[in-house]
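Here come two complexes built around subunit A, the first alongside subunit B, the second alongside subunit C.
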Partner chain A sequence: MRMRKVAVVGAGMTKFVRRAQETGKELSWQAARMALESCDLTLDDVEAVCLGTAPDAFDGVHMKGEYLSDGAGAWRKPYMRSYVGGGTGVFVPIQGWYHIASGLFDVVLVVAEEKMSSYYPHAQAAFLTIFDHTTERPLKPNLLWIFALEMNRYMATYGISKRDIALVSVQHKRSAADHPCALLGDRDITIEDVLNSETLAWPVQRLDVSPVSDGAVALVLAAEHVATRVTDKPVWIEGVGWSLDTCHWTNRDLAYPRYVEHAARMAYEMAGVKEPRKEIHIVEPYDPFDYKALHHLEGLQLAERGQAAQLYIDGVAARDGDMPVCPSGGLLGVGNPIAAAGLMKIAELFWQLRGEAGARQVPGWPRRGLAQAWGDLMQVGTVMIMGR
Partner chain B sequence: MVSGPKLFSYKSSNQPNRRRQSNDANCLHPIWWDTGPALKEATEMNERVAIVGLGWAGFRPTTPDQSYKELMYEAAVRAYSDAGVDPRRDIESYVTVAEDFHEGTSIFDEYVPDQLGAALKPVHTIGGDGLHGLAAATMLVRSGLFDMVAVEGHSKASNILTLPEVTAYAQDPVLNRPLHLNTHFVAGMEMQRYLHETGTTREMCAAVVVKNRANALRNPSAPYGAELTLQEVLDGPPLAWPLGRREVAEHADGAVVLVLASEDRARYLTDRPVWILGVGWCNESASLEGRDWAQGTYVREAAGIAYRQAGIYNPQREIDFAEVDDTYAYKELQALEALGLCRLGEAGELTEAGATAADGDLPVNVSGGSLGMGNLLDATGLARAVEAVLQLRGEAGPRQLEDVEQGLVQSWRGIPTTSGAVVILGN
Partner chain C sequence: MTANIREFPGTPLSEKDFAEGKILFNYDELRGAFAWDNGIAIGRYLAGLKDGVILGAHCSTCRKTVVPPRIACEWCFRPMQEYVPLGDTGTVSTFSLCYVTWDVRRVTEPEIPAVIEIDGAAPLCGILHLLGEVDPHKVHIGMRVQAVWRPAAEREGAITDILYFKPLEEV
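== the complex of A and B ==
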């Protein structure tokens, strides 16, 4: 069956910062305006708006989607907010995709916003409320704690060293130095810096983790007949996939993200990708922690299980390597305003595939890229494949 | 600039229920000509989407014996057996609706897959009303990506000890929250404005309560059925003038699951598919200061989109019955006017005259509505949709309407939002 073709035609993003002075509405508006201006459209051309934002607990606003609606440009428009935890950033363009692919709309504005600094002193406390109220919350778990479990399991299963994992953080933070919106770009960071940083929950150290941030990203999606009129360089959405595993994360083998594999296979099938390692030219896997980038590359079938670190060691993952990984700088370098960070990866692919990524541009005019996000209780994978 | 000619290409000629043609000179509100996006050029998508299964658990004022997961499971099992499908084999994707603060759990989508049979499947959650979820599932099927999608919504309102405070947290934290506006107070202000602009009276709003709660007596799933007189409603304790305590729907617990399928799959599964002829939704203004207080502009815009898809040009003649939001009694009247089912300011008189009663010209909320079935939080719209499906299938028992072919369902997300959805269903 031939589906309606959908393209990304415009993108905009705010700077990712630790504490934005703007309200969430203002951040959304800034990103939305930049995205519309980038393709010379106005709000009048937008037929529907999709918003992505992670838990309401960050802002303490009930029905946060409704609160953000006018900032996101949804005044008197069909407007829907979706969420799949950390996977929201890549899910919300999937939602924009199905708005257009359904035939109901031609131009959709996709906005992802997160303002984590409203939670004072630190957003980490909000995450206590994501756990099961009966079995888990009494243990007072937090995210660093459960990801330390996962990282340990990953390292122990495949015999991966902390030093190899630290290389991911180093490469991403160095790449981010070229990103004008980045929060933690650092051209001079070394493996020693990562290994000597403060231990948060062994084996997770401070520089293994992406920073809490505020920011917003927006995209303009258009149906084929509109996209070809609006721009000479539409970037097509070739494949989408998402998968949500059981909430009983304690019963999962944490060494391998099966849900990411399911999502990736769904997207590859839709995009007609048979050999992902040859056909995907740029990868933006979700990297809130440095080991997660490796974990996800394996789930995405772009590396053998336990072998993803080798891509970084061999330079395959470098910006000028055979398969550049996170040329944007990823969440580790650019910042991690949850939903906005995922959409930042889609925006990065958009700029890379159009050859507009400036200092971050991957050489060789890549043709196809993949972005992925992950979230909930180590539970959901969202994948989008884009090509020109 | 980019929309191009709005071609209407829905397979209207193939639709068996297009009995009443629409170029009617008496059409009072030709407002949906260009109020929203229409269906665009034909592709090889799944053009038509049907509801092939429904199941619900509840509805009860409190459910101390069941968790929200058990309510969802019960509703899901009924829906799957009603559709005759195995969720692990047949249902390809799931859409749920929930709000974190209603659940007391952040990123609540974590806790939906297991009891729906949805683990390791494409599942996502919409922060919206059940009808928004229904719209999302409809789009997923129409896109051609999936042939069968389930939609879930639930309410465990009895678990929320501080619902007024939780709802107040939906107000703008900078501009409105310092004013300590109670939710019902905001509703009272809106009601006052609506009465003022349309000349509707408190008695007319009370007539809605009398009608809906009496209708609920014939609905075994409705916990708030009652025989009230107009005077009893008006004499109830005041809440926020002119809003009285008895004009507000009490909350209830329950869960609803619907199974949607593409045309091919629907025809294979059932000989009584209920077609989704149109879906529309709209958000007007998040700001209390900058919105239209009297008229449900969001309803009008959402209805315009849905009517356009369904090819409805004169809703007064083409809609046989409606299930609309009545979480506050005046909202039913406001919605009927915004939906174009009567003239502005006319809904109250029609209600008093019995036109919206079960045996009237346009039966509204035959199920009992939220006043009779309870306010089901995010599942409210789905509960309205359940009634519409039952009526169109002819399974509504003692409250079955005769000769119904097209029904309208409308929902609202509650104070302080101006967000709602409209779905047109046909058999």
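== the complex of A and C ==
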């Protein structure tokens, strides 16, 4: 396959907050403007716009892509909203990537927005409609169920303790204390705080979960000949991958995310990564729940099955460890405005690989990073590998 | 360039801002009513439930029996037209003790959702349902359970024709 090189040249984001005064359009514009200003481009330079945003039900706005289009800078441009549930945040830059890699466009603006607070009083009830309307919804399921069922299966299969999993939440929330946009950064949180928090759906407790949030993130992607003129520090997109598992989620083993493995292998092959554990220097796995970070590290082949918790215990996953995991603070710490949260991970790699992450900077000027998101009915994996 | 940016956009609001009337907002309720067709395979499944039987579908190419039934095999994409009656017993493959309802009300007695691998279906092929008649703290993965059916006269061809699954043995 002959594909053009694509770089991320600019990034912007809003604060992640529980409820923002700004509308979704306004948040989108703020992030998009910041991304364009960060690389001294204007909307006139942008040839196409990709938008990522999760279910319409949160905003109560149908055709949310069209609704957000003016804020995202899409007026009179080729524009499309993509959506793969929680995986959207890492899929939407993939969509931007193939727009450019294919030769169709040279500069693409990628915007991810989420406003989960509109669903009042709590976005939880909006999730009811993701379950099958005939065979599952009459049982009155809530979103916590699928996480609790998956977490329990994961813990039981590999004999992992709640205490080991709580360490993930502690590390991410502590890391987030250094992120200027974070909603739940907490430098003083302990394992006991997590283990003593309210039990929502055992084994899931309150501090195992990321917060519902509002926020937006934007990136500017450019083809090689533009990127090298715009910046002396382009961050290249080296590999992308995505994969979907069966929607009959009760017909497969929840202990291992095979779809993440498929997506990761696609991305590794494209990036020429043969030994991911040596060649990936920073990883931002999707962490809406603490066990999910571990689950995904295993699917990404960055830990043996059932062994990811050891990375945290040994300090390998720490910001100054051999393979820092979620130096941003992740969804658990920074917040989880669904599509924006995934794109935040790409923005974090962009800043980290340029050495611009401030207090969060991983030492040693890492060369390559991987971000991953996950979603739908626990079935989609989206992966992007970036390097300088 | 987070290190170079001091002020990020975004204005946080709190519940207090609502209570004190500091902000204006527009409240509305969306109402949607739907009648979903069952389709061919789930239609048979529901008819089976009305008769007190859990039906699966068998693919003779892949030699695999799945539940709930479907008209096409995901593995070989061929039609899957043989419906097979399965047992109404199974094994808990995972469960949760849930203290929050779907509309975020707190409850003291937990609901116990579980994935139950149905006897007669391929390994790992189960359905989502609830457990009942059991001490929540004695539920475990691998527990053998059996469906508790609604009385035949009251069944309406719905997943709720099974009230819940209860342990097969004393726990």
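Here is the rule we go by: the second predicted complex is superposed on the first by the 386 of 388 C-alpha atoms of A that agree within 3 Å, B and C clash if a C-alpha of one lies under 4 Å from a C-alpha of the other, contacts with A are read in each partner's own complex, and residues count from 1 in each chain.
Everything that follows uses one rule, which is that a contact is a pair of C-beta atoms (placed from the backbone, for glycine too) under 8 Å apart; a residue touches a chain by one contact, two chains touch by 3 or more.
Worth saying up front: this structure is predicted, and the values here are computed from it rather than measured.
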Fit or clash - subunit C, subunit B, common subunit A: fit
Subunit B versus subunit C as contact partner of A:Ala125, first or second or both or neither: second
Contacts of A:Val168 with subunit B and subunit C, given as first, second, both or neither: neither
Touching partner for A:Asn251 - first (subunit B), second (subunit C), both, neither: second
Which of subunit B and subunit C A:Tyr83 touches, first, second, both or neither: first
Touching partner for A:Thr135 - first (subunit B), second (subunit C), both, neither: second
Partner chain(s) touched by A:Val230 [first = subunit B, second = subunit C, both, neither]: first
Subunit B versus subunit C as contact partner of A:Asp70, first or second or both or neither: first
First, second, both or neither for A:Ala357, with subunit B first and subunit C second: second
Which of subunit B and subunit C A:Ile280 touches, first, second, both or neither: neither
Angle at subunit A between subunit B and subunit C, C-alpha centres, nearest 10 degrees: 80
Residue contacts on subunit A - larger count, subunit B or subunit C: B
Overlay on chain A, subunit C to subunit B nearest C-alpha distance, Å: 5
Subunit B and subunit C footprints on subunit A, overlapping residues: 60, 133, 246, 248
Complex interface listing, subunit B residues touching subunit A: 1-4, 36-37, 39-41, 43-45, 99-101, 104-107, 109-114, 118-128, 132, 135-136, 138-140, 142-145, 166-170, 172-174, 279-287, 290, 297-298, 301-302, 305, 309, 413, 416-417, 419
Subunit B-facing residues of subunit A, complex: 1-4, 23, 25, 41, 44-45, 47-48, 54-57, 59-71, 74-85, 91, 95, 97-99, 101-107, 126-127, 129-130, 132-133, 222-223, 225-226, 229-230, 240-248, 258-259, 262-263, 266, 270, 375-377, 379-380
In the complex, subunit C residues that touch subunit A: 1-5, 8-14, 23, 27-28, 30, 34, 36, 38, 42, 45-46, 66-68, 70, 74, 93-104, 110, 113-115, 124-130, 141, 158-160
Sites on subunit A touched by subunit C in the complex: 11, 13-22, 27, 30-31, 34, 38, 60, 120-122, 124-125, 128, 133-136, 138-142, 144-145, 148-150, 152-153, 156, 179-181, 198-204, 214-215, 246, 248, 250-254, 351, 354, 356-358, 360-361
